[in-house]
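Each of the next two complexes has chain A plus one other chain: chain B in the first, chain C in the second.
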Partner chain A sequence: MDSTSLTLIKSSMPLLLQGALMTVKILLSASFLSLGLGLLFGIATCNKLRTTLLSSVLEGTTFILRAVPFYVQLLIWYFVLPDLFGIDLDAFTASFVSLGVCSSGYMAQAVRGGINAVENEQWEAAKTLGYSPYAQMRYVILPQMLKTCLPSITNKLDAMVKSTSILSSIGLLELTRMGMNIVSREMQPLTIYCTVALFYLLISAVVNTFSKYLEQRLSYVKN
Partner chain B sequence: MLRTENLCLKKGKEKKPILQNLSLEFPLNCTTAILGRSGAGKSSLLRCLAQLEEGYEGKVLFDDKPLDSLTSMERANSVSYISQSYALFPHLSALRNCQQPLTVVRKMEKEVAREFALHTLDLLEMKSYANAYPHQLSGGQRQRVAIARALALNPRLVLFDEPTSALDPESIKGLIELISSLRKSGKGIVIATHDLDFAEALLDQVYYLQDGLATACKNCSEVIRKAGFGCSNARQIACSFCSSGAGGGSVVSLL
Partner chain C sequence: MRFYFVFYLHFKGEIMSKYLFLSIFFISGLFGEDFVVGTTSGYAPYVSLDEEGKYVGFDIDFAEALAKKLDRTLVIKDLGSMPSLFLALKLGKIDAIIWAISITQERQKVVEMVYYQGEKVTQLPMLFWKTIPDNVRRPEDLANNPKAVVCVEAGSFQEGVLQKVEGLKVKQVDKVMDAILELKFSKACATMIDPSLLSRYKAQFPELKVLDVALAPSQQSLGNGICLSKDNSPLSHDVQQAVEALQNEGQIRLLEEKWGLVAK
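Presenting the complex of A and B:
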């Protein structure tokens, strides 16, 4: 790497950091949304609690969310829904809502699988001890589910980190968009895009480290 | 007293009868054994008593109130069930296994619940394992924690499903002493087992189950020995008992 490249990286750093910050903001907001929705959808569709109508509707919904590409969903949220319902969604809101809702389809599958993997006798033990249905879920099932489905959730969070780059298509000034803007001005794609890639690597590393930490915390649960 | 009225249970697509028209009584301050071969319906009966089976017909009453009409807390105060595999919560230590039901169900303060749970573990000689997780304990130790967890809620009647299935002879001896002391403290005990020696050491009354039908006897250790499980029909137990006059008790056929 020559001194010109280093100078370019140094001068581009404030903009790239600004883009990375936006990416992290979108990622955090979308993660909370997708985990929340995924948890609700997963609980409502697990074998133990499924009801014919509601579970079928939710299963259909999660299928659609997984089947339609994220890019198409983003365009629908940003261009179609405002026209249909007259809601004015800014780029940030449309971005985190579309990413969160799209990912919730996968999160729901992970949560559903995790809950189904908890042995039936655990539900029964909680019931005979007098736990309410809410307490059974809160104190007995979800903590055990978390260990089973943590790797799947981490995978999806990794995928979400990468999907944020698609948000550049609606003009959101996230990391990729910032990189593109700098490249169009400086005409140094190799240096800038490699730096952008390093930023994504760093964000993914943080997500994975946090996941590993959680896995270690839960490692006392013997399968 | 826990009792059933015309309890019937059918399972599977063919609605195979598992329990047929059982009217049984399980008094407090009494140890009741439910004996029978594998598949006779012992565990299903216990699960009905613990309200874990859905779709049974007839009634399960505790102090003449239908058990399914009680709130979950009232039910936990009345009847506790210890399954064959103990079903300890794997993500909680032995102490937290006993403490959590007290804070969640009984709404006890965390510190009070902790002290109470430690006391119950101490009664079962498991205090030194309070911080161990279930997978770090032996079968017998897990069972003691499961019993401590059930007893911490102070239920009036405890149901044991095949409690000796994973225990060595020494642990079985300890379990017999433990159940005897529970019985002396006034609790009702119901044990489903096919371990005759274990049952004989404990029981005040016995129900013999075969093909979903039950025969009830009192003071019947000799009846069990005489009829054994080679008996082709539950009624034969009653017949052999009556003809020999052994045991000095009465035989009540509930069929």
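Presenting the complex of A and C:
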């Protein structure tokens, strides 16, 4: 790497950091939404708790969320829904809602699989001890579910990190869009896009390290 | 305590709403109505971000001058791509598109276009990397050749020209820079760009070779225009008058010189 490239990286750093911050903000907001919805959908569709009507509706919803590409969902949230309902979503809101809702379809599958993997005896033992349905879920089932499905949740979070770059298509000034702006001004695509890639690697590394930490914390749960 | 607070708000509500209405009315009068302009950053020297992350460029300066003339407050909406811009205009999310958009007959059928900058385009530069093949003198010469891919910015005027060439394999990319990279790494054999960007890209990439392609009269562009909704004739009229005033005052020329679009 020559000194010109280093100077360019240095001068571009404020904009790239701004973009990275926006990417992290979107990722955090979308992750909370996705985990929340995924947990609700996953619990409502697991084998033990399923009800004919509600579970079928939710399964249909998660199927749609998984089948329609994220880019199309983003365009629907940003352009179509405001037109239908008269609500004007700004780029940030449309971005995190579309990303969170789209990913919740996959999260729900991971949670459902994790709950179904908890052995029948665990449910029966919790019931025998007189736990309420909420307490059964909160103290017995979910901790075991989390340990089982944590790797797939981490995979989904990784995919979400990468999906944030699609948000540049509606003009959100996230990491990729900032990179594009610098490239159009400085005309040095290779240096800038490689730096952008390093930022994504860094964000993914943080997500994975946090996941490993959680796995260690949950290692007290014996299957 | 909470009850008293709600009770207080209930009685104060009517008076407060009047004050609120008056305040909004006063502030609106003070700053004028918003003029929401859709554009897309990453298109220097027309629209890009500076080191501090502020929108800069010829189109931004022009939009500011135009909003001032219209006595309205400028609001910039970065919509990311040409298709998003036209969709947003159609849905009424923005009042106008200012993004160096060429005025063509086809676009004029869909949106109202007001000329503001640039020369009439009668030919377009077709770019190749290092060499122009001997047998290529126009885009038609690349048609019906499965290996000859011509890439172009999606939704651009140039794309419209290339799409009309029968049998030509056209690949859409998001940005002009992406098209240049396609050439550099042999993903495509040629691209077509806006003439106003040519000197900038030629200076940065001396390997680019230029083939000028003459356009049929029906394909020629009348320069860059502001896109407005056909349903909003009063705004189109006001914009037309404001642009004429800016041209007569020489402000547009000054901005063109500032951003290197014409020689000083």
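Rule of thumb we're sticking to: the second predicted complex is superposed on the first by the 221 of 223 C-alpha atoms of A that agree within 3 Å, B and C clash if a C-alpha of one lies under 4 Å from a C-alpha of the other, contacts with A are read in each partner's own complex, and residues count from 1 in each chain.
The rule is simple: a residue touches a chain if its C-beta (ideal position, glycine included) is under 8 Å from a C-beta of that chain, and two chains touch if they have at least 3 such contacts.
Here the structure is a predicted model, which is why all the values come from computation and not from measurement.
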Quick one: classify A:183 as touching chain B (first), chain C (second), both or neither. second
In the overlay, answer first, second, both or neither for which of chain B and chain C A:209 touches. neither
For A:18, decide between first (touching chain B), second (touching chain C), both and neither. second
Touching A:4 in the superposition: chain B (first), chain C (second), both, neither? neither
Using the superposition on chain A described above, determine whether A:51 touches chain B (first), chain C (second), both, or neither. neither
Applying the touch criterion given at the start, work out whether A:171 contacts chain B, chain C, both or neither, answering first, second, both or neither. second
Residues of chain A contacting chain B in one complex and chain C in the other: none
In the complex, chain C residues that touch chain A: 40-44, 48-49, 51-53, 77-81, 84, 87-88, 91, 93, 174-177, 181, 200-201, 204-205
If you look only at chain A, which of its residues touch chain C in the complex? 11, 14-15, 18, 79, 82-83, 88, 91, 168-173, 177-178, 180-185, 187, 189
Contact residues on chain A for chain B in the complex? 119, 121-122, 124-132, 135, 139-140, 143-144, 147, 218, 220-222
In the complex, chain B touches chain A at residues 50-52, 72-73, 75-77, 79-81, 83, 85, 87-91, 100-101, 104-105, 133-135, 149-150, 153
